[in-house]
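Some structures to go through are shown next.
Next come two complexes, and both contain chain A; in the first it sits with chain B, in the second with chain C.
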Partner chain A sequence: MNDIWNWELAWEALPTLLVGFFTVTLLVTVVSTAIAAILGLVIAIARRSAPKPIAAVIRFVIDFIRMTPIVVQLLFAYYAFTNIDPLTIGIAVFGIHYSTYMAEVYRAGIESVPKGQWEATTALSMSRRRTWVAVIIPQAVRATVPALGNYAISMFKDTPFLLSIGVVEMVQAGLVFGGNHFKYIEAITLAGIIFLLASYPTSLLICRLEKRLAFRN
Partner chain B sequence: MAAPNGAVPAIEFRDVQKRFGDTVVLDGLNFTVAKGDRVTLIGPSGSGKTTILRLVMTLEDLTDGYIFIDGEPLTHAEVDGERVELKPKHKTEIRKRIGMVFQQFNLFPNMTVIENIIEAPVHVLGMSKEDAIEKARGLLDQVGLADKEDAHPLELSGGQQQRVAIARALAMDPEILLLDEVTSALDPEIVGEVLGILKDVAESTDITMLIVTHEMQFARDVSNRILMFDGGRIVEEGTPEEFFTNPKEQRTRDFLQAVVADPITGALPWQPAPGASGTPAAPATPTTPSTTSTTTQDGDPL
Partner chain C sequence: MDSNFEALGAALPRILDGVWITLQLTVGGALLAMLIAVTLGLLARQENILVRGFARAIIEFFRGTSLVVQLFWFFFVLPQLGVELDAMFVGILALGLNYGAYAAEVVRGSINSVPQGQWEATTALSMTSAQRMRRVIFPQAWALMIPSLSNLLIHLLKGTAIVSFITMADLTFRVDQLRIDTDTFFAYTVGLIIYFVLAYILTLVMNMLEVQAKHRLGRGESLREALSLRSPDTGVDAGEGARS
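Let's turn to the complex of A and B:
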């Protein structure tokens, strides 16, 4: 009976998994999301305001990053920067990788701001900087909250790729635990459940945030 | 059309050409607007009225020619016989004297009403926030929205939004105010309140106004000059009096007839219906044969 599922073992695996979850999985998700959100915005603005040749270069780099698997990027950075610890590399790679997706979301958000808003800032002689900060970004970001939230969740679910560079996040912790007990199913199942328990409320939170940010109408 | 006594005009168009791709919208347009003038541009849709306002507001680049504001070149100057583009900084400086109210209001929905109004005075003119707020409150009072300063634009009706937009433009103390069909997006019963406010502004300030409107009664009440455009050219110009009582050009008559005539009697609103007792001949009724020569069909600009 206990061959398939061992409750005791599951119970025993939980603390290990939670340590992996909080010290790596959650940490990487939060920090990398912050990096991706800020860097993505910078890229989106640069693509729109930079001179054509520079914008083209930015575009090429973005496409390159988006068209290659994150595991390859993790491994590349891991072997290219051997002096940097793997966790830092993981955070940077996730942040940069997802910033390219978020830049795309921001770009759509910026484009969704009606032309009349830009024209009003011209008619009021507002500076370029003030136009972005006071008018365009606040309106563009509102429209992008759901998509940004979904990318955060998707990054969260991508964190097990960190095991490719030896970072012990939750799934890797589960694998180690399973190896020690010659039984994997409990730890891996629990890891899946923890992912679900964390993702689901987050997606609800995003929904609520989206409603709160909507312009009062 | 030169300004009287050699005074520097508020706006001068000199040989202005504007093309969109292959479409020539304005081709060598010349006209001036004297300081304090209220000039209304009328004419059929697509005749280039909006383009003229947008050129003054630097929302469009002019293809060729020059625009002068208070005698200073706006975007291009002639230097040693060459037409050179001026620095963005110069454009911004001149642009500060010009305000514009748009058909679609274009308020910033992420800001409250008062934030919309103080944004540019504080961040462009460097006014203190307290002074800007005080001024904004005065303007909101003037447009009848004193109780709405903390509302968000999308909570307001179209007419209220447009009144805020007027206050926002006035908060910059513009020397020149551009009004592009500011009531066209509004329900008919609201049009009057917005035009009433603009009439007050016209009476209580000496702001130069360049107005595009289909509200002929408003044009008549507020402006001291009317320019009739067709195909990017000035077909006729005159005082409202001349214009509405005795338009010279057939095209002007046709236009006025189409825009404002009573659909049933064919009478223009400021004229008694034809056939009413003691009525002078109504020159623009469809049944009245043209009394003007037809040699101006191609409408050479003045």
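Let's turn to the complex of A and C:
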């Protein structure tokens, strides 16, 4: 058993993995989720308020980004902006890619706001800005929180794609460690376990949140 | 710009080889994923807690541990344990297991959404549980699950781009090669467009499957009607709409 799984080597690999986890994997997940959450909302509002031809263009761009692989987008941005450091590119690409998913979620949220709410803002002669900020967004966004959480988890598990542009996140760190020690099982298995330990409880939490929001409505 | 297209022309056979590899991975991965999804989806609904627990554990494990980790595990770790696998097989295996686990939840949820009356009717007709699933429940669940499966299929297609990490010459790899002879913008725009077209074709195929599945249940038009160029005969409503 000892020659299949070496505990000492596993113990040695752990710090390397955790450094990659906290300095890249978690960082990218948190920052890119924030970008996706904000940019997604901007896209959703733009699609609704823009004139039809512009809305159609926005829709096409969103579909295009959503239906093409994030790995190819990462490589594209990496070679196109050689003056920007790869981690920043990674954060931006993940943020933009996932904002296209979030935009769809927000769109559904905005559409679920009853028509009477829009009519009321007209009756009160609210400005466009106030209509969105004070009335529509607060109602539209609440129900979208679980979806945002699910996309954050999904993004979290996609972060190893960053190794295509040379960013050393947890899995790449594990791979390098395995290569140096001519033994991959410990580092790669541990990386998988860390993913599972972080994502499974979070998904349970989101599931509970979803039920609570559904109950309150 | 002309030199870009010349380089593209010269590289076309290799790019098509890449598309072929990507398609093999997508279709192979999707078929394996479907097999796993139906098996785990059915097991996850069993009353026996051991069977259900087993299915749930597999589903959560493959959903929770990241596709890339699974791919690397099969590619780097298994050979060290004495199991040498072909890269294509590794790719299909990782994609099939990962997306199969996601799809298992879709299968389970769709089966649970088939109305209660349908289940009761099969009892009234004293069907066996196999007959019930095959002839009544699954065809209805199938129509319900196609939209979600369609989304997952697009994810799977996009997920195939990571096989270039395990030395496979897929479309992403070929596009990266093309970049050497053309400018970056050109090469990657071509690559993204090819992926987009592939995704679009897959979406159309899935939409056709959905039309067919619904028609089999007696809802909506048949595939042939849906595909015909003449505007479908929708009766009085369309006529009134045209007049107003």
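The rule is short, and it goes like this: the second predicted complex is superposed on the first by the 204 of 217 C-alpha atoms of A that agree within 3 Å, B and C clash if a C-alpha of one lies under 4 Å from a C-alpha of the other, contacts with A are read in each partner's own complex, and residues count from 1 in each chain.
As a working rule, a contact is a pair of C-beta atoms (placed from the backbone, for glycine too) under 8 Å apart; a residue touches a chain by one contact, two chains touch by 3 or more.
The shown structure was predicted, so the numbers you read here are calculated from the model rather than taken from an experiment.
Novice: Is A:N83 contacted by the first partner chain B, the second partner chain C, both or neither?
Specialist: Touch partners of A:N83: none, neither chain B nor chain C.
Novice: I'd like to know which partner A:T189 touches here: chain B for first, chain C for second, both or neither.
Specialist: second
Novice: Identify the partner contact of A:P69: answer first if only chain B is touched, second if only chain C is, both if each is, neither if none is.
Specialist: second
Novice: By residue count, is chain A touched more by chain B or by chain C?
Specialist: After superposing on chain A, more of chain A is contacted by C.
Novice: Quick check on the superposed pair: does A:T122 touch chain B, chain C, both, or neither? Answer first, second, both or neither.
Specialist: It touches chain B, and chain C stays clear.
Novice: Is A:R130 in contact with chain B, with chain C, with both, or with neither (first, second, both, neither)?
Specialist: first
Novice: For chain A, what residues appear in both contact lists, the one with chain B and the one with chain C?
Specialist: None.
Novice: Help me check something: in the complex, which residues belonging to chain A touch chain B?
Specialist: On the chain A side, the touching residues are 114, 116-117, 119-120, 122-127, 130, 134-135, 138-139, 142, 215-217.
Novice: Along chain A, where are the residues that touch chain C in the complex?
Specialist: Chain A reaches chain C through residues 4, 64, 67-73, 75-76, 79-80, 157-158, 160-161, 163-164, 171, 175, 178, 183-185, 188-189, 191-193, 195-196, 199-200, 203.
Novice: Within their complex, state which residues of chain C touch chain A.
Specialist: Those residues of chain C that touch chain A are 60-61, 64-70, 72-73, 76-77, 80-81, 154, 157-162, 164-165, 172, 175-176, 179, 184-185, 188, 191-192, 195-196, 199-200, 203.
Novice: State the interface residues of chain B toward chain A in the complex, per the touch definition above.
Specialist: The touching residues are 57-59, 92, 95-96, 98-100, 102, 104, 106-111, 119-120, 123-124, 152, 154-155, 168-169, 172.
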